[in-house]
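Chains: A, B and C, in written order; residue numbering restarts at 1 for each.
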Amino acid sequence: MTVMAASSQLPAASQRDVVLWAEGLSKRFGGLLAVQNVSFSQYDGEILAVIGPNGAGKTTLLNLLSGVYRPSSGRLHLLGRDVTAEPMEARCHAGLGRAFQIVRPFPEMTVHENVTVGALFGKPGVSLAQARERAYDLLERTGLAAHADKEAHELTLLQDKRLEVARALATGPRVLLLDEVMAGLRPGEAQEAVELVRSVRDSGVSVLFIEHIMPVVRDLADRVVVMDQGQVIAEGTYHEVTANPQVVAAYLGTEEGLHA
Amino acid sequence: MELFFQTLLNGLLQSGLYALVASGLALAVGVVGIVNFAHGEFLMIGAFLAWALSTFLGVDPLVSLPFAALAVFGVGALTYRVSIRHVLLAPELNQMLLTFGLGILLQNLALIWLGGNTRTVTTPYQGSSLSLGELSVGGPKAVAFGLAVLILVALYGVLYRTTLGRQMRAVAQNRRGSQLIGIDVDRVYLLAFGLSCALAAVAGVLVATLLFASPTVGLVFALKAFAIIVMAGLGNLTGVLWASVVLGVSEALVQTYVPGGGGWSDAVFFLLIFVTLVYRSYRGAR
Amino acid sequence: MEGRALDGSRAVVRRPDVPLRSLLPLGLFFLLALAFPFLPLGERAEYLMQIAFFTLVAGVLALSWDILARSGQVSLAHAAFYGLGAYGFALLGKVMPWFLAMPAAALLAGLISLVLGAVTMRLSGMYFAIATLAFTEVVRTIIQNLPEGAAGGANGLLVPALLGGNARAQYFLAFGILLLTALVSLAIRRSRLHHAFAAIRQGEETARVLGVSVVKYKLLAFFISSVLAALGGVLYAGKTFFINPLETFSLANSIAPLTTSIFGGLYTTLGPILGATVLRVAEEVLHNAIKNGYLVVYGLVLMLSILWLPRGLMGLLRRGKRGGDV
């Protein structure tokens, strides 16, 4: 069990393809280093969890990955290509999808139109008719079919979260970033969401997700990256990281605890 | 060299007026969170009040100043009650367009009622001038500057030394939090908006003595005030003072030293607003 | 695996994008407008034709403004492109026939709008509004201060009369331009542009994360909108023979389309046209009653619409109906 140091070498541990490779990413807000020298790689078809106490810098890391922020230093490679300097839309076209922690539906569009936007612009060369069809398919797949013609602001939070995922999926990602999409769900609903993430992975998409609900992390994650105060403090299987004293210490300082 | 200092002095004197208009606007933006596009029209009302009181009742503008301030405070408070209050939670666009509509309404009501002509106010001290060594200053200009400084000192005194002022600054920093600690936010908004309009009216009275009153006199001052608060950074009240001096002095310099300054100085000024906004948008990003 | 519904609910009802019947009222408007010159207008025919002409121009201006607003760019620079169209036509009309000068002037305005659009790309809300207002004033003061030989200076310019001053022909030209504007608007509504514009307006960053090339679509909105606004400016210049900077670049020419679109119904094709018809007639009636300050309607209507009629006239027309905003 080692904490990965910043290295400019691709980890040679696996023969599988690396889809996402973060190399010493940092982000500074004024005096605050919200993300500090974070390196990790994600393999094709892998479900990778990022956990850590509140304020650890997880959402900021996701913002660096999807291009909402430019890193203060470090590089990012997506499917073997350096995308550090590329804007959000280019990363999307290259195969990066993202669902936001704080849901951001387009409020005056219908649910179906919301998803159509993802399907239409996520990849170049999709016609409007194709995008609309694909959006309907995704609504069925994410359990939103009955709400297709509602305006997005009429949805419940649970439905909003599904919409967030459906829209990200619609862009046809190779890597999907999910930020606490299960927070606030009841156990039954969370189970459905777990099924959905599995089915997404089975369709060939690698998933990186941030999650607080530990049973979900245990069930879903192939590998877990633990962040605290902007840094990666541990990385490994669920059982490895939860046994790590540093991780336990990081969580002990918070009210959340490591159990749930 | 003398010309240079005279120019600096003129610019500085002008900036007192600018600071007055801009502080009012900054108050509306900072505390109420509304960019009041009708700010210039409240100034216009102040200018016309000064003109009317002086022309029909023979009241000196300096005497009518507190009355104009009070009257326009009332108009502002009423405006807040019947309109602004209803869009506080609406999208920013709606707020902007509402005050924009209010500005057009007030301006055109003035046009209908009073016509498009400019009205001047005559005062006994109109032609007087003060000399400071080699430099000289028009009497009304000096008086206006003195008053502006006085009122600004009073304003900052209220903001930093009184309970109401502390409440205003608290609301400006954190609306929700202020509500939680028991501040009557609606009342603070009403007072802040009224005060903002009253400051515009005071500036209007001064503008009437320095220039004239007309239905459209407010627009250019409102735009300058906007440029100032953008330069200062939204909600930064002390920054407003510095930015006013920068604008006043640089305008004076353009008018003195750029050939044909008069016609082009408008273009320079609007270019300045434009460049400031664009520059800020790029610097502020990421 | 496609189509597996997690909640086991019934399959989704797939609807067409824009139902055709929603075009009916718009078609009716254009039929009426086409018939207007053939109505028995009586002795005031010349005057009524003039009002009708400027109503069509107001419709072009409002609808073109709305197209830009759909991408979230609430501009006060519409007067600038209207004015550039007018000035472009006045100057180019001296060296080429009108049917070339017209598109050339529009293209010129469109290209300039790309510059403005690129520079203001990162501004939003009030900052964007103020910047575009400042831009208009810069353009106006430049034209005003250029040597008289260049663009007439503060005194203004004579313009070659459009279509030899034939009022009926001019009316049909304006009709054609408004029809063109409406067709462009409808085409946008049925294309990917509609989705791009709406997404940018409702969440620019989210749109980008979903792959929308915001820069491209914002500029495209600017270009289309300004070209059409400039065509409106050409109509104005060609009808009035004489233009000057103060009137042509007047803030009123930016306010009118904005108010008209909000009053009629934002982000629709029929709304701005309907709004233009109502407001233009109201303005005319008031203008006859009072000389100064007849723009008061715009202020009042703007305030009332924001407070009580957020979806404009179109909101009244389709109360309770959902979607299909045409």
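Keep this in mind: contacts are C-beta pairs under 8 Å (C-beta built on N, C-alpha and C of every residue); 3 or more make two chains touch, one makes a residue touch a chain.
Note that the structure is a prediction, hence the values are computed from the model and not measured.
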Message: Using the definition of touching given at the top, classify the network of chains in this structure as line, ring, star, complete or other.
response: line
Message: Suppose chain centres are the mean of their C-alpha atoms. Which chain sits farthest from chain B?
response: A
- request: Starting from the mean Cα coordinates of chain A and chain B, work out the distance between those two points in Å.
  value: 49
- request: Provide the C-alpha centroid distance between chain A and chain C, rounded to the nearest whole angstrom.
  value: 42
- line: When centres are defined as mean Cα positions, the distance from chain B to chain C in whole Å is 33
- request: Provide the list of chain B residues touching at least two other chains, using ranges where the numbers run on.
  value: none
- prompt: What residues in chain C touch two or more of the other chains?
  reply: none
Task: Would you mind writing out the residues of chain C in touch with chain A in their complex?
output: 1-7, 9-15, 17, 190-192, 195-196, 198-199, 202-203, 205-214, 322-323
Chain B residues touching chain C - in the complex, by the definition given at the top: 35, 83, 86-87, 90, 92-94, 96-98, 100-113, 115-116, 215, 219, 223, 226, 230, 260, 263-264, 266-267, 270-271, 273-274, 277-278, 280-282, 285
Field: Residues of chain C defined as touching chain B within the complex
entry: 74, 119-120, 122-123, 125-127, 129-131, 133-135, 137-138, 141-142, 144-145, 251, 255, 258-259, 262, 290, 292-296, 298-303, 306-307, 310
- prompt: Within the complex, which stretch of chain A touches chain C?
  reply: 66-68, 87-89, 92-93, 98, 100, 104, 106-110, 112-113, 116-118, 120-123, 128, 131-133, 136-137, 139-143, 145-146, 148-149, 151, 167-168, 170-171, 192, 195-196, 199, 202-203
